[in-house]
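One chain, chain A, links the two complexes that follow: it is found with chain B in the first and with chain C in the second.
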Partner chain A sequence: MADTSQAPSATSKPTSGERDHLVIRVGAELYALAGTCVREIARWRVPTPVPGAPAVIPGIISQRGVVLPVVDLRLALSMPATPPERSTRLVVVQHEATDLVLLVDGVLDFIPVAVAAMAQPPAALDAARARLLTAVARHDDQPLGVLNLAVIIAAVREGL
Partner chain B sequence: MDLTSFYNQFREETTENMRVLGDGLLTLEGAEDEAVRRAAIDRIFRAMHTIKGSARMLGFEAVGRLAHALESLLGELRQGQRSLDRPLADALLAAGDAILVLTVATVEGRPAPVDVDAIIAGLPPPTAAPATAPAAAAPTPASPPTPAPANDSSAPPSPTPARGTARQTVRVRVDRLDRMLNLAGELVVGQQVLVTHAEQLTALQQLVERQGRALVALESELDRLRFSTAQRHSIDVRLQDLRVAADAARTLAQHQGERFARHASQHEQLVQDLEQEVMAARLLPIATVYAGLPRTVRDLAQATGKQARLELHGESVELDRKVLELINDPLLHLVRNALDHGIESPSERQAAGKNPQGLVEVSAETTGGEVRVTISDDGRGLDPERLRERAIRLGMIVASAATTLSDVDALDLIFQPGFSTAALVTDISGRGVGMDVVRTNLTELGGQVRVESQVGQGTRIVLTLPLTLVTTRVLLVQVGRSTFAIPAGGCYGTIWVQRSQLRPLEGQPTIEIEGRTVVVLPLADLLGVEGTSPLAQRTRAPAVLAGSVQRPVAMLVDALLDEREAVVKPLGTLLEAQKRYGGAVQLGDGGLVLLLNPLLLAHVARVSAPPPPTEARRRSRLLVADDSFTTRELIRSILQSAGYEVTAAVDGTDALDRLRAQPYDLLVSDVEMPRLDGFQLTARLREEPALRDLPVVLITSLASEEHRRRGLEAGAQAYIVKSQFNQESLLDVIRQLLGG
Partner chain C sequence: MSTGLLLEVHTATRRYLVPQNQLDRLTLMVADQAPAPTGRSTALISRDLGPLLDPHDLGLPGRRHALTVELRRRTVALLVERAERLAPPGAIQPLGALLARRLTWPWVLGAVVIDDLPVLVLDLRRIAADVALGVV
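Take a look at the complex of A and B:
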């Protein structure tokens, strides 16, 4: 119950039309990031570790002269971290004054998602994970969790 | 080189030397004693000689010519071939006045107010004894002065009109400015402490308010209880006391809190302004690095049989001295590249329907907080296809990857280490070390390099640089497999800690340094990084000294890697809570290194007095001896910006004293100096066992073969003539003599 009361807090936007989303793969699951917050997609490179930072931040990288923290989205979503592969990507995102890089297992596509097709995350979902979602949609018959960047940032901050 | 400040120096120096001329001539007219007369003539001769040398160095051709004519006359006077009569004295004084007027006009950028040739023609003709002329190299008006200003070298040295109207200036040594910048940086750190104090005051205020509320609650609680009249009275008196004290405490806490916060924010503004001003004082026009380019292009065009024209724009754009130093080499390299690889041979250009003379353009412009320097040529351009082929051949990428490589990415290949497009490795460029070094230098500065090219049309390379740099001197240390940066201002030196020296004290390993007990702590423990103590496997390990008087600490590290000036970048809002880091430092290879927070280090350890001497990296120490202030400072500044530690001596005797007092690696000396001249000085050095092997470079306006031979016979390793002076050749010679 607590899940449903938290999740929609950031979705009180007009429910019409479509919004572009970046579809990413984390583990075997698909997630979506609001296109408006995605700045850039870069190939994997080894971040500089920051001793003392939580495990969810494997380190920092320099992207176009700016130092950015890398957040391992797998760990944020309570999934095991796996070694980087060819498909591993770094997605540079921005939310308000915070810039960060999300480490994902793959970037699939940039697709429009109809606002009407976005449903509230099912109550059956693991609470910690559901908290990070604003909504659930579908992509090619697969469930697609729409990520709530504000909550992800807040969650990472809590761990600091 | 920005010569503007030297122009002003030259004007002051010339004014002084003209006074020497006037006084000397008066002495000559009045004095009977031969020794006094000799000394006076020598003094005047040297004054004129100095003017000539400096004028030639600065490219003041007319002044140099006039000074040369006067020097010849004075030379004859000195040799006794001519006696000083009234008309000669008048002519000398008039010509001296003309030199002064001419100098001031040239410095202020006005046209020459006097006709130099007419004045020279009006001077008494030289006696028929040409061999005794002190300077054999008569300046030919057709040959432009070598260290020409950045403008077209075929034009007469006409300074920009802006110079005369420039605001008043004062010369400040660069190390002073750096010290000021450091102090401003210290204030910024101090400001952070103030902010912490302000926060504490706010916390205090809240505590006092809580106390006040508790008091009110206590009062109402007591009101509900029954007491005897005496008890009630006693309680009321106590409560009243408490109330008064609580009110006073609250008022005071609130007032002080507000006042302090206001003061702190005003202070912050001032500190910021101060930092900006000091930073601005370090700005120099980019013309400083443009200066070497025209010569480079001319020489290179000659060597390669190409025709090229160099156009320079935006000379007045100002950059931090540090940035200028660091882009000097890249810029030179890029211009060389443009000519060597870009511009085609005249016949090739004609065949392509282009002007046989190629164009290399360098421009600088300020945009926001950045400076953009563009080097473009109208040559053959970079062919992405050829770049791909080459990358495959060099094994940098596989063929399949090359096909998917976009043209933009293909152009980017030129920044790969070991990539060079010249089919032949030439002397000039094409060594394949260039472009990656350019990118490395730029990245270290926090800048960027971009390349654009059209096949057959030309190439454009755009350097984006920060206007100013907040650089911090940092120590790079290795801890485990990671590298960390420690602000040099937060520590007091480095030492080797021997395992055998360790003494346990209150359960902690300590060592004795200069009679004081210092706690030894692995930096890894402080950071919470896993790893064994550096002393676990080895008998000694390096340590960085930090600490307070109460608690000095030697922080053990695995290795000391480097000490350097670095641009510190913030970690961003997400990692703000990580107080132990002050930011990150970007290395040339793009890698990041965390900078330990100086405040944190200060906590662990603050000033252990007296600080042991830091093991500074050794720079070559040079001594410059020249009696002319202008020349001395010009050479000093050239050498300093080349990274040498430079001390100046005002004449040969002074130089000898300094050389005996302290070790130097090389001497750069003028020949004509009072007391002890350059030849004598060199000869003296060769007699002293300790100084026998000191390399000596003589710089002089005496260009005759005989003088050159005398110099080399005296034991000088190199002999540079002022009229052929250029900073590159001087630096080359010095580099060679110092053994690279």
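Take a look at the complex of A and C:
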């Protein structure tokens, strides 16, 4: 997908039984964010660290003049932190009154996901990671974890 | 949020803004030489500000400025590499509840965006109070 500073438009319009999702990569794994919460996608830049902030919040950035906290999705998903690469992106998201930026390893596409194709996260999945998922689906024959932004925000608030 | 003029200060690794109205004195000093007594009978405590805020900041020898805050029973001199200029009081944006509630120390009033980069506005009196209490 071409890099953009705006949220990409869906490659095809979702039907009534589908929901738009942004497919992102974290480590080697694919995850999806509900399209309704995605505001913008930006190239990675160094966040300004805030003294005393937890590792999961590596700092703040200014996005169009608005100061937003950055949440490292790798750490949120219990993966080790890695240095940024060319594909690293900042995804600006909003849930109710909370705006934040998710640091991800890559952004792939904006796709419709059939609601019927979403299943409960498997019981064998790591509990800390499964907690952050609404469902699992598949994308290009790979498992796709559908992220629950409300739970991610709550987990960060509670001390992730 | 408005705090009047903001003083831009530089540690070895970062720059910060400090509300001028939180500062009692700004003095130029030589490394390891404590600021001159104020005439008040309070004890003086000097600390490098940089390493308090950033564990990667090892401090720099040489010319420094002392940001002196007078508390009731202590005077605290927070040392920085340099204090540069007074910035006009820009719009200080809060950090937001998601981040503010997770901070170990409530030392940041917010951030001002300068050249598209957020610069932290420090609560210098709170830092000084924690230094005086010996909790950092």
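One rule holds in what follows: the second predicted complex is superposed on the first by the 143 of 160 C-alpha atoms of A that agree within 3 Å, B and C clash if a C-alpha of one lies under 4 Å from a C-alpha of the other, contacts with A are read in each partner's own complex, and residues count from 1 in each chain.
Note that a contact is a pair of C-beta atoms (placed from the backbone, for glycine too) under 8 Å apart; a residue touches a chain by one contact, two chains touch by 3 or more.
Keep in mind the model is a prediction, meaning the values are calculated, not measured.
Undergrad: For the overlay on chain A, clash or fit between chain B and chain C?
TA: Once chain A is superposed (C-alpha atoms), there is a clash between chain B and chain C.
Undergrad: May I ask you to decide whether A:S78 touches chain B, chain C, both, or neither, giving the answer as first, second, both or neither?
TA: The answer is neither, since A:S78 touches no partner chain.
Undergrad: Once the structures are superposed on A, label A:P54 by its partner contacts, choosing first (chain B), second (chain C), both or neither.
TA: So A:P54 only meets chain C here.
Undergrad: According to the stated criteria, A:S87 is in contact with first (chain B), second (chain C), both, or neither; which is it?
TA: A:S87: touches no partner chain.
Undergrad: In the superposed arrangement, does A:V67 touch chain B (first), chain C (second), both or neither?
TA: Both partners, chain B and chain C.
Undergrad: Going by the contact definition given at the top, which residues of chain A touch chain B in one complex and chain C in the other?
TA: On chain A, the overlap between the chain B and chain C contacts is residues 48-53, 57, 60-62, 65-69, 98-100, 153, 156-157.
Undergrad: Okay, in this complex, where on chain C does chain A touch?
TA: The contact residues of chain C facing chain A are 14, 52-54, 93, 95-99, 101-105, 107-108, 110-111, 113, 116-120.
Undergrad: Which bits of chain A are touching chain B when the two form their complex?
TA: Answer in residue numbers: 48-53, 57, 60-62, 64-69, 71, 97-100, 153, 156-157, 160.
Undergrad: Across the complex, what residues on chain B touch chain A?
TA: For this pair, the touching residues of chain B are 446-448, 482, 527-529, 569-575, 577-578, 580-581, 583-584, 586, 590-594.
Undergrad: If we count contacts the way the header does, which residues on chain A are in touch with chain C in the complex?
TA: So the residues of chain A in touch with chain C come to 48-54, 57, 60-62, 65-69, 98-100, 153, 156-157, 159.
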